[in-house]
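Chain lettering (A, B, C and D) follows the sequence in which the chains are written, and residue indices restart at 1 in each chain.
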Amino acid sequence: MGQVHGPNAARTRGLRIKYVVDPRDGLARAMAVRTGAAVATLEQALEDPGVGGVLVCSSTDQHLEQSLAALEKGKAVFCEKPVDLDPERARRALPRFEGARFVLGFNRRYDPHLLALKRQLDSGAIGSLESLHIVNHDPAAPPAGFIPTSGGLFKDFTIHDLDLARWLLDEEPVELFTAASCLVDPEIGRLGDVDTARTVLKTASGRLCVISNTRRSGCGYDQRVEAFGSRGMLAAGNPARDTVRTFTAAGEAAAPIAGSFAGRYVDSYRDQMAHFCEVAHGRTQPRTGFADGVAALVLAHGCRASADGGRMINLREWN
Amino acid sequence: MGQVHGPNAARTRGLRIKYVVDPRDGLARAMAVRTGAAVATLEQALEDPGVGGVLVCSSTDQHLEQSLAALEKGKAVFCEKPVDLDPERARRALPRFEGARFVLGFNRRYDPHLLALKRQLDSGAIGSLESLHIVNHDPAAPPAGFIPTSGGLFKDFTIHDLDLARWLLDEEPVELFTAASCLVDPEIGRLGDVDTARTVLKTASGRLCVISNTRRSGCGYDQRVEAFGSRGMLAAGNPARDTVRTFTAAGEAAAPIAGSFAGRYVDSYRDQMAHFCEVAHGRTQPRTGFADGVAALVLAHGCRASADGGRMINLREWN
Amino acid sequence: MGQVHGPNAARTRGLRIKYVVDPRDGLARAMAVRTGAAVATLEQALEDPGVGGVLVCSSTDQHLEQSLAALEKGKAVFCEKPVDLDPERARRALPRFEGARFVLGFNRRYDPHLLALKRQLDSGAIGSLESLHIVNHDPAAPPAGFIPTSGGLFKDFTIHDLDLARWLLDEEPVELFTAASCLVDPEIGRLGDVDTARTVLKTASGRLCVISNTRRSGCGYDQRVEAFGSRGMLAAGNPARDTVRTFTAAGEAAAPIAGSFAGRYVDSYRDQMAHFCEVAHGRTQPRTGFADGVAALVLAHGCRASADGGRMINLREWN
Amino acid sequence: MGQVHGPNAARTRGLRIKYVVDPRDGLARAMAVRTGAAVATLEQALEDPGVGGVLVCSSTDQHLEQSLAALEKGKAVFCEKPVDLDPERARRALPRFEGARFVLGFNRRYDPHLLALKRQLDSGAIGSLESLHIVNHDPAAPPAGFIPTSGGLFKDFTIHDLDLARWLLDEEPVELFTAASCLVDPEIGRLGDVDTARTVLKTASGRLCVISNTRRSGCGYDQRVEAFGSRGMLAAGNPARDTVRTFTAAGEAAAPIAGSFAGRYVDSYRDQMAHFCEVAHGRTQPRTGFADGVAALVLAHGCRASADGGRMINLREWN
């Protein structure tokens, strides 16, 4: 994700990349050239009083530790999701993030299309919200080598949807059920993960949310949300790559949907980084904080437990 | 449903309505006038050797008995869903329907849009099917008085989707989970039913299917299916009432979707009745038979048990 | 067109086909069987006092004469367009059609989609109308043998759009310009006709209308209207054959648009015949009368003159 | 347009704004601050050997003179359209632009949507092109004060479509007809201009093109193209502002289309400036050069003559 956030930050008005920290020397130097920065160790960077903030885009197992180290040095922190793979450890760290200038990379909340849906929802366009359907389908399965350190489908991928669900439902889930399969790549199954899943969340007031996930859509990066309320429905669809439609004897044809997260969420990444700049300067509160990361991680953990056990998880008893 | 099927049959080439049987005398006579038929008792109608078939559109608790009575007299039978409210009794009746000229009113299977989706699926347009999403949202809740005899949300309404799922999945579900709420009308809850539900089915090969139901969409009769395969996605949407779109400073506007099943499925009811005519004349086998009705009823029963118990139902053990 | 209107009338509540008149004996008998009618000569049919109305679907050169013959015998008349090929002769006949129970087959005015657009227009949804764009593209060129007696592109085909323009503009054109080419089939050009044209109409108040015609769209029967007003735009599109959309790596695909007028305007033909029934029974005034046919014919004549002369036609001076 | 191109160039990799030249001192200084430039006179800027190129965004009557002055000093030139208001003067200047590093601001040719349509066209997706429909509707009329120096509807606005038509038709028009009205603002008429127009172009091979213009769409910046070929149709539509659709009992609703050229063509302006950078560095040939500007200006002049004279213009004789 550093390949996305680094150049993104370098283009953000008010931000400048001073150091690139990466144990892989060649990559560090390439990114430094690309962003007009110097290569340094994390210690060097954190000691520099001219550094106001840190973008934590390392492997997941370092997110928590590096974020805390940066916060302790008085830096603002932008951190990729998930905050950690261990919900218990993440929960214990909660107090240390209170009031912190810390932005978590839940990029869906910064997407113009989903923000437009949220505004319509908040404006009462469909009355009171009753249920949600979230589609998050990756175009193609990641290399199997990525699976073991990724946290698996739920902590790596579904976690975005769990955060999106919490944001849109505006209420915490109290029950959770996940059914999952390995249909895309048997190697994923051999590594103990799944690649296709459906999760149902239920809140205390009875609101229902379905999350649809697959690692391989076959048709691009399928990202959609439908919200059902007492007076109607809202649907946020996949933005068209271009507006050209072709009509022939064979029928109507149009361009594929976005092929990857980088293309689909380009505006979201840009606006998220601008938000981080505002947070770093103390001009606004984080829209996606550490507590959101912990809440979504607990739910992702629950998805895995539900899928493994073939049972509904009562989240009130479970935690 | 007699109000739909009666006039529909009267318009079907090859069918003629000879008798109307309805204990409510006024309604019987009105329908008789409308369809050019005479009013009779069931016995009179069944004794008439000039009667080749019977449309069973009575209340659900009479479906099974009346269908059997008609079959015994050598008549072809079209019967509205569900076949019964008791899965056990329905299952016991199975042998008596073997080879029968019996068409069950699972109208989705006759809908041109869903048939087009099925054809694309069968043609391999999206590779092998992996998961399904079925939306079946009623426009507005039925009068509370309808609930007690209806069989409830699952046996009255979801049953259509359960049949649709079996047809499209082309494989029996082995696990089932339903989460349900009463969000639309508290009176429905007081009567022991629910009005909002999400059901997840899983087949032996790992295919997943979500069924989304509500008794009140707020925006019309929302009927959609999405099928996800190894090489892409198929989506069957709501037909537009007209093609006019209005663009003003306020944005784009278009007509509402169909307001009721009668409008949405008018072609499906027509083609289903034509199919019954073919079956009655022995020219083709029933596309939706009694066994389909039993299978869907068992699943609907499972939905209720899952929602009540807050647990996944293992259908292999359960039956 | 008798192949469309005959069976259509036979299905219309309140209408019955008593006689089929067709010099081609085989066709006459086939249609008689199909509609439950007898074969007769025109004289026999017109002499029968049991005949209330006549559908004139003969070749264009007989429309006027046969319509008048039927009206003289006190019959109601439905007549296919155009009323004649000679605007002068048609104009002279105008007085004989005053107050007549005569419906002209300008089927666009009965189409539910175009009626919905008209209603929006009349409701002020886009303020006051300023300009129109009418697309009328045939799927494929007619056999060359049809051209000589057809009246050519303008009197046979564009005439529908000229009537539609008059109806929607709600004001007579005063200027007209047509540019035309022969791009589809050189044989059409050799026969003195064109196959591709654009016509611009201007009304006294300055409203502008473009009519786009081709004999061969390559993608089906393309029938669309856009209306531009002081506060926005209305667009009536091509109805979808089905709602299924397929998404793969190659992009989005959907079914072709309607392949012919019979499919596209099936509702329009049905409603037009029901309207004729009402007119025949004296229960309503014709929505498309002989005067509309003359006005559109004069404009079609102007299109040809403009295209031939490469000049704008001032309709006020011209007639 | 300097408000668009200045900041745009400042963001373009490979370009830097060194001087801002504007007789309106306050505006000059504001733009200088915004782009990190200094305020200077045109002479000062042209004398500076460190200046490699000039963006000519002055009033139309200065375009030609300033472009020539810059070219004489060896600078590359980006110039806004039109090249001049006098076709004869522009034509005389043609030899001085031969081989020049000169990019004309015909931004449509850089728009990703129209480029996608052009690619489809060139790939033969719809066979051979037969006709075109270009919609260019401004959201709201400009202040009347802008009209006298603008060149009027045709040289200021339609000129974009005339260039687009030349590019897509890939063949020069030989005949032209324009019908025009003043329907939007009577003040525009009093100033001798029109605000609503339809133009028909015909090429030597018989291809037809309609251009639809209005100064006030009432629904935003409506920019669409349809191309009709021997095997089908291509349509480039208005990009959606967001993908959210709202469904209620009142129907379907979506966001308005782009409200201005700045929003609609933001990618086009960006890519056009990147292209200018490539041209300035001598790495590529201009995609839109001075000769294109002259050809479109001649056609715009013809539109005016046709509309004024109510007659078709034969462009072969006319020039």
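Operating definition for what follows: a contact is a pair of C-beta atoms (placed from the backbone, for glycine too) under 8 Å apart; a residue touches a chain by one contact, two chains touch by 3 or more.
What you are looking at is a predicted structure, and each value in this text was computed from that prediction instead of being measured.
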Next item on the list: State which chains count as neighbours of chain A and simultaneously of chain C.
Entry: B, D
Check: Any idea whether B-C or C-D has more C-beta pairs in contact?
Finding: C-D
Item checked: Superposition rotation for chain A onto chain B, Cα-based, multiple of 5° -> 180
Item checked: Furthest chain, CA centroid comparison against chain B -> D
Next item on the list: Please work out the Cα centroid separation of chain C and chain D, and write it as a whole number of Å.
Entry: 40
Checklist line | Between chain B and chain D, centroid-to-centroid distance (C-alpha), Å | finding: 57
Note to self: Where in chain C do residues touch two or more of the other chains?
What the structure shows: 126, 218-219, 222, 231-233, 247-249, 255
Check: What pattern do the touching chains form: line, ring, star, complete or other?
Finding: complete
Item checked: chain B partner contacts - residues on chain A that touch it in the complex -> 126-127, 130-131, 133, 137, 175, 177, 179, 181-184, 196-198, 200, 202, 206-208, 210, 212, 214, 216-219, 222, 228-233, 310-312, 314
Check: Which bits of chain C are touching chain A when the two form their complex?
Finding: 218-220, 222, 247-257
Notebook entry, point to check: If you look only at chain B, which of its residues touch chain C in the complex?
Noted result: 112-113, 116-117, 120, 125-126, 231-240, 242-249, 255
